[in-house]
Structures are given as C-alpha cells and as structure tokens.
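Okay, so here's the structure we're looking at.
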Amino acid sequence: MEWSHPVGVWVGAIGTLALFSLIYRENRLYRLFEHLFIGLAAGYTIKAVWTETLRPQWWVPMTSEGRWPWVFALFGGALFYTIFTRKYNWMSRISIGALLGFAAGQSFQATANVYIPQIRGSFKALWVTRDMLPPGSLVTPLGQSLNNILFVVIIVSVMTYFFFSFEHRNKALMTTARTGRLMLMFAFGAIFGSTVMARMALLIDRVWFLMNKWLGIG
Amino acid sequence: MSNPLQRLESIDRRILYAVLLIIVVVGLLVPIPLPLAVGPQARGVYEAIENADPGKIVIVSTLWSASTQGENSPQTRVILQHLMRKRLRFALIAFGDPQSTTLAQELAEELARENSYEYGKDWINWGFRADIAGTLKGLVKDINETIKTDSIKKRPLSEYPVMQGIHNVKDVGVIAEVSASGNYVSWLGLVVGSTNAPFCYAPTSVMAPELYTYLDSGQMKGMLFGIKGAAEYERLLGIRGFTTRAITPVSLSLVLLFVLIGLGNYGMYAAKKRDQKGANG
Amino acid sequence: MTHASDRWESALLVALLAAIVLFTIITAQRGRKYFIRRIPGLNAIDEAVGRATEMGRPILMVPGLSGLGVVGLQALTIFSYIIKTAANFGNRIMMPVADSALYTVAEEVVRDSYAAAGRPEDYDSNSVYFLSDRQFAFASGVAGTIFREKVATSFLFGDFFAESLIFAEAGQSVGAIQVAGTVQTTQLPFFIASCDYTIIGDEYYAASAYISREPTLLGSLVGQDYCKILVLLVILIGVVGMTIPQLGKDWGFIQWFTLK
Amino acid sequence: MNLQRLLGSAFPKASGSWIWISILLAALGCVVVFFALQALPGRARKFLIAAVTFLAGLFYAAEFFLPVDPKTDENFLTFAVPTVGNVINVLAAFTLGLGVFSLVRIHGTKVVKLREGWENSVVLLLGIVVMAVAGLEFEDTRFYRSLFRDVLNSFDAAMFATLAFFIISAAYRAFRVKSAEATLLMFAALIVMLGQIPIGQYLTHWLPEKGSYASLFRLDNISNWLLITVNAPAIRAIGFGLGIGGLAIAMRLWLSLERGAFFEAKADN
C-alpha cells in the first residue's frame, strides 16, 4: 500500500513552509501549524505507546498468556496518578522511586562498560618504536609519539580544569587548567564544524521534498 | 559616518537566510561534479560487511526519525544495498522513536523488491523497543525470548527460516546502527563486549566527532560520517544516487559560511579601526 | 562486560569510585566542611533573574528532553533554586516539559519552590506544562513561546540534542539573556556560540552543590574530584606501563582494564 | 537456589476463564494494598519509598556483581533481566496519560473559555484525536500512512531543517577573532568544515594521499587528525567527569541520599 497521498503532501508542504517562516518572524500561520504539530505528535505517542509497549508487553501477556501478575504493573502505573490528589500523592513516589532505583542500579554496569575501555584506550605509550605500530602503518614512530603525548596532555589538562574542590591558585595548576580550557574550545570548534554539514543535509532534503515531491521539479 | 564595510559586522540575519536558501535551490538544480575521497572510516564499515560470515545474521539497528532523514535515510539505504548485494541475512531493530522502525522498514521493503529479498527468509523486522538497555541485555542472552515476535506479521521468531540457528548475539555477524543519537553507549556497554561481531556506526555528522575515540580504541570497526559517509559508500558500491547529487549544495552552503565568517571579521576589523581613529582624532 | 566476573579488577574500580563518593558524603554529613571553587556560569543565574525583573517579561526554563532520571532531576533541582529567587521578585515563569514522567515531578517541584519562598499563592498551575515528547514538536512549541512571549531570560538545563540551537538562536533573536548547561557534549558548542553563559561538562552536576551548599552534595562533589584523581592516576600508571617496553600491553595492571 | 522456579510456583500461569478471575483477584488485592499503604504512618512511608528504590537498584547491581556460572554466564538473577526490562517499559508507558492530561487541561480550558488563540487549541485537540484514532483503529489505511509520513514526518524534518539557518547566523556571529578562545573555536571549525567537503578536499588534492610527510597537510588528514588527537581526548576527559558525576547521583538516588528539589522532607504529609 502507498505511504503517500497528494492531500497529505500538500498539508506537509504548506506546514513545512509555515514552520520555516519562523526564521522570518513568528506569525499566525506558524502558530496554527505549531499547534497541529503538537496535537499530532501527542496522538501519535498515544498510538505508539499502546501498540509498541503496552499491548505486546503488558496487555497480551496478561490477558492471553495467563500472566496475571502483570496487573501489578497497572497498580504501579496507577500510583503515578495519585499526584493529582493531596491526600494520596505521596504514593506516586513509590513508582517514581522504583524507576529511579532501576536506573541507578544499571549505572554500575553502564559505567564499567563505557568508561573502562576508554581508560584502557588512554594508556598510550609516550615513546613509540617501530615494532609497536601496526604493520603497514603510515605514521612514523616519532609522529605517533608526539600524537600520544598530546593526547595524554589534553586528557590531563582538561580533567584538571574540572577539579572543583580547590582554587586554581598554584601557577602550574592554573596553566594546566587554562590549557584544558583552550583545548576544550578547540574540540568544541571541531564539533561545531562537523555539525554544519549535517544541518545543510537536512535543509537540502526538505528543499528537495518541496521541489520534487510537491512541485514535481527535478 | 557608517561605512558600508563596517556594516558587514552585523548583516541582518534574514539576508543570510535568504542567500542560503537560494544557494540550496540552485545547487540542487545545477549539479556540479566535485571530487570525493573515501576515508578509512567508511571503508571500515564496507569491509566489515564484505567479510561477514554468511552463516550469521546482521543486525541493522535504526534510531532515527524523519527529522534526521536527510542523513540517516541515505546511510540506511547504502548499508541495506550492500547487505542485499552480498545476500546476507539481516534483521532490523529500532530504538528511540517508534517511527524509526517504519522508516527503516519502508526502505527495506523498497530495496527488497528490487533485489528479490523475501521477508522471513532473507530478512526480518524485529520492530521497535522502548527499553534500550533491557532489550540489548536480552539480545545477549536469548534473542527469541527477548524479541518474541516480528513486527510485521506478529509471528514468533522461531517460525521464520531467517532465524534458523540464531540464538543470541554470538550468532550475529555484524552489528550496524544508523543513529541520530548517542545510543552507541548502550551497545558498547551492554552488547559489544559479549560478542566478536564487528560493531559499525552510521551517525549524523553532528555526532561523528565524538565517535573517533571509539574508533581509536577499536570498540567500533567503522563509521559512516553523515551524508558524506553515505556518499563515500555509494562510491564504494559504485552507485550514483540522491546522495551524490546532494553533496554539491552541501559544499556550496559551507562555502557561503566561509564567506560570511570572512565578511563578519572584516567588518569587525573595519569598525575597530574606525573606533581607534575616532579615539585618536 | 555483562558481569563483574568478566573482569573483576575493572568492576572493582567502578565499585571503588562509588565507595569514595559515599565516603565523602558521609563525612560531610557528619559535619566535615568542604570547599568548592567559583563556577562563573552559575553566578550568572541571579543576574539573569534580575534582568527579567527589570524587563517585566517571563523567565523560561527548559529541563531538556530526557525522562525521569539523573539528568532531568538535576535540572529541576537547579530550577527550584531559580524559582525561589524569581518568586521573591514576582517574575512570571514558564516551564515546558518534554516527558510525562518528569512532568509530574516538575509540577511538584515548582509548587514546592513557591511554597518554600513563602508565596504559595503566586504558583500558577499553567506555568508548568507538558508540551510534547516528540523532539521537534517540542522544539516548535518552545521556539514559538520564546518569540511570542519575548522571554527576558531563558535557562536551558538538561539533556539537549539538536534542538539546542533552535532554542538558543530564538532566544538570541528576542534579546533574551541565556544560561545553558547540558551533559550532551556535542551540543555545548552551540550553547557557547549563542548563549551568554554556558555550564560545561560536569559543572552541570556540580551546580546543585554549588547553589544549595547542602553538605551531602558538597561531600559528593568532593568525592567526585577524588574519583577523577584516581582515574587520572590509573591512566598515568597505564601510560607509564605502555611506555616502558619491559611492561607493555601484557603487564598485569594494564590487563586489569583490558576487556576481551 | 532457583528463584525462577520459586516465582513460577508463587505466580502460576492461569488459563481459560481463570485468567480473568486471577486478574480480578489480583486487582482487588491491589485495592486492599492501596488502602493499607494509606494507613501507614509518615515514617513508614518514607522507609517504604527508600526500600522500593533500593531494591529496584539492587536487582541490577546484584545481577552485575554476583559471580556467574561460567558455563551459562548467568547467576540466579540473570533470567529475570528481560522481564524487569519490560516492567520498566510498562511503568514508564503508563505515565503518558499524565502528559496528555496536561495538554487537554490547558487547551481544553482555552477552548471552553474562548481565550485568545482558542482556534489553535481546537486544532491541537483535534490533532490528538485524529492521529490517535487513525493510528489505533485504521493503521493499515492510506489515510493514516499519509498523515504519518507526509504530514507528521514532514513537520519533524522541517523544524529540524530550520537549524541550517540558525547555524549560519550563529556561526556568523560567534566566529570572530576577538579572544583566544573564540579564535580557537573558529579555527578548528573552519578546518573541520574544509576537510569534510569535496571543495576543501579539492584544495589539497594534489598532495600525495599517503606515504610522505606532505600528505600530512592534506585538509582531510588535518581534519581527521584534529578530530582524533585533539577532539577525542578532550571529549573523553569531559566524559570521565560526566560519568563519575552520573555515578555519584545514581548512588545518591539509589540510597535515598539525594538532596535538593523533590527530595526535601515531604513524603510524610
């Protein structure tokens, strides 16, 4: 079955232009489509939560597979709604607490898995010899040594910048932290630079949508 | 008093926007062929798929929505094209936004028709999962128990020939995620340590810089750097698609930015000189 | 690694980090005083609130996109301090929320903050509202609000993704004073380019301790510093090990942190 | 010890009409528990909340730290990981109603009282109903698919694409040679942008691709070098701080040591 309909394309295209108009100034058309957007998004979430989560993970196991204890999940969910009452609203904290607890408990494994390899990856030899480089490497041992030294210097200086529990009065400390700050700016510039292309790609995709799918040009 | 050069310091934002729009429209209409170098990151993804064990299944995870389709859709497309060319089995799974499963499925269906890939035999859609951590932990243990049913026909996974001999993440040949968010942390944290399958990533170019650290540490085997990565991949596959066309206006708009930054700085310099003159005189 | 037993030493390091933080929290609760340095961006909060008072226009607070978790709660903690200040000056506030679970907490936090400032009657239940959990529907709503209300000040704290720049540039266009902080490192450059003050990296987590001077939080922050020193030491030992050819990759210490 | 079997016998699977009877009985049990909870004194409530939080966290912590059977790579909790994952999903899903309620309350009031902009609120409320009904009941129609693909998706993409404009004005304003920091920011951005685009690559394409010192000065190589050798360690160093900060808050939440908004007093009113 088709995923597209001319009427839908028209609404989509006019909405696109309306949302774009914000860059000129806020206006009535923008406001209208902003509200339509938020409404559709909420409707879609209702649909998605039911079909993607509640029905397969809760309703079907409970009612068709005989896993009746899933009813307790409804109880847990219902406790959130006590927030609207003065008398019972403390109970919402039971469910909130459970969610927070689960998230907290996972943090051990997550921290280990994300950061241990990065710690290990920071063990860089400051003096590299030819046999330490992978075969066929184009970098010279001296070049790699310099890279590695720079790598370690940046890690140390940036981490130093983020020490909070003492004043950066000591001259060496001040210089290190200042280097860290400058390195951060360099890194942020690199991120900014690599983002521009992504944003342009999105705009081009939209202009192409307007030109090709709506107006049939190209 | 007001020298036109000094006004370059503060051009009205709306003029900037109008110029950008014109450049994009013209760039799309008049394609200018530009050279493109294939980087080692894209090659890493290509080689991971090229060398994948045909007995195993490839997981293509998607975490993107229409908002980033400008980059993520071409990336998903080239990866699927490559998988189908190699006739590798693959499973789609989606996180983050429920629509990511629909969008990926739409692409897969389109390409499957072209490549006579049969649903259930050559590929399968595991569907969308809201709980990333729970699902990924489950995949490591038992795929059938975690996914239960596919998302198109809603039948148990074990009924599909494509799932023959696939039990857990050790039976996976390559894991590739096309993503608009930082979900790689979950994959690295919960899955990659438990399997030998190479892990490849196709992020938006925004996210790409933060991934070099994982490429460097070897946790990731390859990466498609936004739309440029997709264009490089098209080149590796020998295809000329929309991506190859779009890369021209992308370049032009960046050139515009260079010009604007130059003008802004020149204007600032001119204004400063005037101020100094004013102070001296 | 799926379990600690995959590499005990690595898991132990993580446990040790947690233990250090707990230890300094306990010593702080028992009365030990800890010092923290000045964090420039956070000092700007009062100035920004004052600006809104002068201009008589609302203060916008956005707690990011993430749900009920560490990052969103931290944002609300910072906001509760801002609200208490704003309540004293009678500023109007607006807080659009992007997650329904976080929304429940946000509403309570705002109400409590007004009560704590001694002005429970000023709390307007329409000031905190769920907008959309869809990234760009949320962005369109927030951007529209910034332009329509011509907000005087906007505080962006939490998990922000691409929409960060929409908010920051919208605020720029209406001349708002903006203070932002996020744990999403990739969004920091945009906040730096468009906001007046940006909280970088784990300054975000330091903020609640800095603002509240609550002993538990100060203790935790100092513990985090010790943890960073420990991580730095581990890295430096590893670097030395890799540099000395006799030790190298196979040295026990380096193996402790090598996951398969 | 086999927890899985124990739980299986404590909560046996029902079948046939027993399903609904069990559900009903369990629901009744919940109602009883609800009123029993309300009867708790303030201190006990606080304790209960802390205990639930702690136990929830303990599940994942113990599952991670406890030794595993080397043959199966599991300990006695591992079997429950997928189910607990589902529980979290389902719990979070139930909160959706709170958000929708907020939207309907604010915009419903606007419409009823005909406040300024009520027309927009009508559109918003209609949007919710039409999308939800179409999605739940008529998912396989062209109407729904087009509403989703052509309309909703286009809006997402359009809003995202406004960033192309905003990034231009932000860069134009911020990239000025006025301080060491701003200059570095600009310099790095320019190099990376040049290294990415074909035109930038073209500028230095005459240099050898590899194998000589001259190739180091190819723009794409400089850009990659910048990203790997300067960007990566800086991001990593920030990451260590964020990771430790996150772990610290997780510990405070888990052990109910957190302070600040929401965690002050309360719970015993």
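Going in written order, the chains are labelled A, B, C and D, and every chain counts its residues from 1.
Everything that follows uses one rule, which is that contacts are C-beta pairs under 8 Å (C-beta built on N, C-alpha and C of every residue); 3 or more make two chains touch, one makes a residue touch a chain.
Source: prediction; values computed, not measured.
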Steps needed, at fewest, to go from chain B to chain C via touching chains: 1
Chain pair that, of all pairs, has the most C-beta pairs in contact: A-D
Central chain (distance from its CA mean to the mean of all protein CA atoms): A
Farthest chain (mean CA position) relative to chain C: B
Whole-Å gap between the CA centroids of chain A and chain C: 15
CA centroid of chain B to CA centroid of chain D, Å: 19
Where chain C touches two or more other chains, by residue: 1-2, 4, 11, 14-15, 17-18, 68, 70, 73, 101, 104-105, 108, 131, 133-137, 140, 162, 185-186, 189-190, 192-193, 200-202, 206, 221, 224, 228, 231, 259
Interface hub residues of chain A, defined as touching at least two other chains: 3, 19, 22-23, 31, 33-34, 37-38, 40-42, 44-45, 48, 53, 80, 83, 99-100, 103-104, 106, 108-109, 111-115, 117-122, 152, 155, 159, 162, 184-185, 187-192, 194-197, 199-200, 202-203, 205-206
Contacts with 2+ other chains: residues of chain B: 13, 17, 20, 65, 67-70, 99, 129-130, 133, 137, 190, 193, 205-206, 209-210, 213, 216, 225, 228, 250, 253-254, 257
Category of the chain touch graph - line, ring, star, complete, other: complete
Chain B contact footprint on chain A (complex, rising order): 3, 23-24, 44, 48, 52-53, 56, 106, 109-110, 112-114, 117-118, 120-121, 187, 190-191, 194-208, 211, 217-218
Residues on chain A engaged by chain C in the complex (per definition of touch): 19, 22, 25-26, 30-31, 33-34, 37-38, 40-42, 44-45, 80, 83, 89, 92, 96, 99-100, 103-104, 108-109, 111-113, 115-117, 119-120, 122-127, 129, 152, 155-156, 159, 162-168, 184-185, 188-189, 191-192, 195
List of chain C residues in touch with chain A within their complex: 1-2, 4, 7, 10-11, 13-15, 17-18, 34-37, 39, 68-70, 73, 101, 104-105, 107-108, 131-134, 136-137, 140-141, 143-144, 147-148, 170, 185-186, 188-190, 192-193, 200-203, 206, 221-222, 224-225, 228-229, 231-232, 234-236, 238-239, 241-243, 245, 254, 257-259
Footprint of chain D on chain C - complex, ascending: 2-5, 11, 14-15, 17-18, 21-22, 25, 67-68, 70-71, 73-74, 76-77, 79-81, 97, 99-101, 103-105, 108-109, 112-113, 126, 129-131, 133-137, 139-140, 162, 165-166, 168-169, 172, 183, 185, 189-190, 192-194, 200-202, 204-206, 208, 212, 214, 216-217, 220-221, 223-224, 227-228, 231
Residue ranges of chain D in contact with chain C within the complex: 63-68, 73, 75, 92, 95-100, 102-103, 106, 155-156, 159-160, 162-163, 166-167, 169-171, 173-174, 185, 235, 238-242, 244-253, 255, 257-262, 264, 266
